[in-house]
Amino acid sequence: MSREATAKRREGNEIEFSRIVAFSDGVFSIAITLLVLNLGIVKGLGDGEIGSALWDQRENFVAYAISFAVIGRFWLVHHHFFGEVTAFDGRLIALNLLYLGWIVLIPFSSEVLGKYGGHTAAVVLYAANLSGVVLIGLLMTADARRAGLTVTDPVAERESWVRSSYIAAVFLFSIPVAFVAPGLAPFMWLILFFDPTSRIVARTGT
Amino acid sequence: MSREATAKRREGNEIEFSRIVAFSDGVFSIAITLLVLNLGIVKGLGDGEIGSALWDQRENFVAYAISFAVIGRFWLVHHHFFGEVTAFDGRLIALNLLYLGWIVLIPFSSEVLGKYGGHTAAVVLYAANLSGVVLIGLLMTADARRAGLTVTDPVAERESWVRSSYIAAVFLFSIPVAFVAPGLAPFMWLILFFDPTSRIVARTGT
Amino acid sequence: MSREATAKRREGNEIEFSRIVAFSDGVFSIAITLLVLNLGIVKGLGDGEIGSALWDQRENFVAYAISFAVIGRFWLVHHHFFGEVTAFDGRLIALNLLYLGWIVLIPFSSEVLGKYGGHTAAVVLYAANLSGVVLIGLLMTADARRAGLTVTDPVAERESWVRSSYIAAVFLFSIPVAFVAPGLAPFMWLILFFDPTSRIVARTGT
Amino acid sequence: MSREATAKRREGNEIEFSRIVAFSDGVFSIAITLLVLNLGIVKGLGDGEIGSALWDQRENFVAYAISFAVIGRFWLVHHHFFGEVTAFDGRLIALNLLYLGWIVLIPFSSEVLGKYGGHTAAVVLYAANLSGVVLIGLLMTADARRAGLTVTDPVAERESWVRSSYIAAVFLFSIPVAFVAPGLAPFMWLILFFDPTSRIVARTGT
């Protein structure tokens, strides 16, 4: 069934499309904010113990910073991809949900990483979670483009592949590193703070 | 009181309507993201224990996957229904809140399911929660259509009934299964990942 | 400084205004969804204990139902009030934040109510929280109307006062009841599920 | 790459821009609502103990009130700044994420403050968190203005600097106070409830 018969329907679909984007943005913003729940302090410490209790959480802070950057980065990639989507179908919606299902796991993987940052299992879990996000994202993108649901702007498409490949490379390369030096791998991810495509100006149109 | 007297009012109502939809989307996206709080790991494990602690949570992961798919699916049904709503009244808003009240219980039912997946009580609670959602959804839909608050597109209406019946059938059928084989019932719900109405293209109009 | 000099500014202000509404809706939807965190189950129960553990939470379920209805109702009141706002200033924004600060306390008051539903202290805390919301809401509404920030539709204004008075009356009357029969007061609040102004049709304009 | 070639692109960018704002609003509204999770009560208290358990949390309530006012205030500052943004680039998005990453830490700093309000370490952590927010906010604002991404309204710009300086001054001054009188410093922050630029009327344009 094609729903483009009338302008009325198109109007309705614009609303529907904006709901998918709003729902995704909601999930991203909640997942990124839930990261703070991995930080905390117990009650009943003495005056001198508060500072050291905070210091003992330094790996949780590192995990927080990494995961905030990572989810923020994935949100940007999602944002860029949906900026080029002009039509959607049930499959794109289903793949988007699957994608979000892996995004929402990040606060959990981040908790494990914060508590066991120096351990291979935690680092591999984290890198596997993030690799899963990137791979499902690539599947979603490729599927939507093949189905003709996107407007193909070669520059934006190349830019999106640069972003995704950059992220995928960082995480996939960190898995073997985690087996050799689990304490080192998380620091590799910090380079995701820097965007290879930044300083590209976009007017808001207002 | 009819509020369609002037274009001014209609404009105001468009904003009101979009707030109802935005509020519902917010609730859905938060409920689906809170599912991750059912996953976690304790502190102080040894190097070899981390992997087994993660493995011990496999039922929590299954409950997470099922519930993510389920809430995502309900969101789609809600999304499709509100796509056909052209007017609303206090009763539709009240029924929508009641509906959301049952959606928000899902992270709790999912927690019980993740911890006691093989037990009849957990499976029945979960299936009852989801059946409640479907039944209130059908009530809300039927009430709004009867009150003339929707634009009746026979194709979309049939599609919506196919979706709802599909979901209701899966959950209602799983309750007797839970009394015989509680470990099996959750796997039945995984088929909700697949959308019988997917690959129906809808243009976004941008 | 008046910001109504140019159409350009007005456009910018429309965005600003929609952000205030979106922020408020976000807070409402998160607060209402966090209510589910007051429900939970411990690990390690035997097969026969799961059902009774759920049954032991019946007061938590009642508190959940009441609080969901209450926050939903406050959201509706807020929604109606902001539907008539045509201009805003720093004071309205500040009062709105103060109002939201009392809304966000409800999941906490609800937790206390769920755990100590039969006790005077819990019931009084809950009723005080909700009375605070209603009183700040009336202050915000009266202040904005006096400052000329609203479009005065006498019907909607009367409707809004009916709603607020209805809610205030229920909570204020429940405080003395809580001192005599603390177990009874919560049931009084359930009547807030019913909207005295429902079945008033509003067209969405789509 | 300039994205202002066609009206079509501008339209797309409006959507993108509104997503950045919506994402930021989502993060703010979730962070402000998560503050309630720092309040709670244990199970199994006797009738006379409930009131004193609530009273024992008075510092948590103070921390809640302060942090709610603080995040609300930062949201307003963010809101005003983005109201003047007419174009964005990767750097603004990255700085905005960094800014949000410090906002999301506030519920944690607030938890520490609520539990250890009278202790220097807690007060310094809190003031450092908030100073970090203000400083990154100033960096983001200055960078965007220098890059020509904002429409320069001298009145609004001055107003924004008044707000930021006001907040920065309060927090920076509270750090030395915390070393002398840690119990006093939090009360200084309460003056942030009052907005030096309030009662400036802005029409919504509806």
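We just call them A, B, C and D in the order they show up, numbering each chain from 1.
Simple rule for what comes next: a residue touches a chain if its C-beta (ideal position, glycine included) is under 8 Å from a C-beta of that chain, and two chains touch if they have at least 3 such contacts.
This is a predicted model, so every value here is computed, not measured.
Because chain A and chain D share one sequence, their contact can be compared position by position; here under half of the interface residue numbers appear on both sides. Here the C-alpha atoms of chain A line up with those of chain B after a rotation of 90°, rounded in steps of 5. Ranking all chains by how far their C-alpha centres lie from the centre of chain D, first place goes to B. One simple way to say how far apart two chains are is to compare their mean CA positions; for chain A and chain D this gives 23 Å. Between the CA-based centres of chain A and chain C the separation comes to 33 Å, rounded to the whole angstrom.
The set of chain C residues touching two or more other chains comprises 11-12, 15, 22, 26, 30, 34, 37, 206.
Those residues of chain C that touch chain B in the complex are listed here as 18, 21-22, 25-26, 28-30, 32-37, 39-41, 43, 45, 47, 50-51, 54, 64-65, 68-69, 72, 75-76, 79, 83, 155, 193, 195, 197-206.
Partner chain D is touched in their complex by these residues of chain C: 1-4, 10-17, 19-20, 22-23, 26-27, 30-31, 34, 37, 85-91, 93-94, 97, 100-101, 104-105, 107-108, 111-112, 115-116, 119-122, 125, 149.
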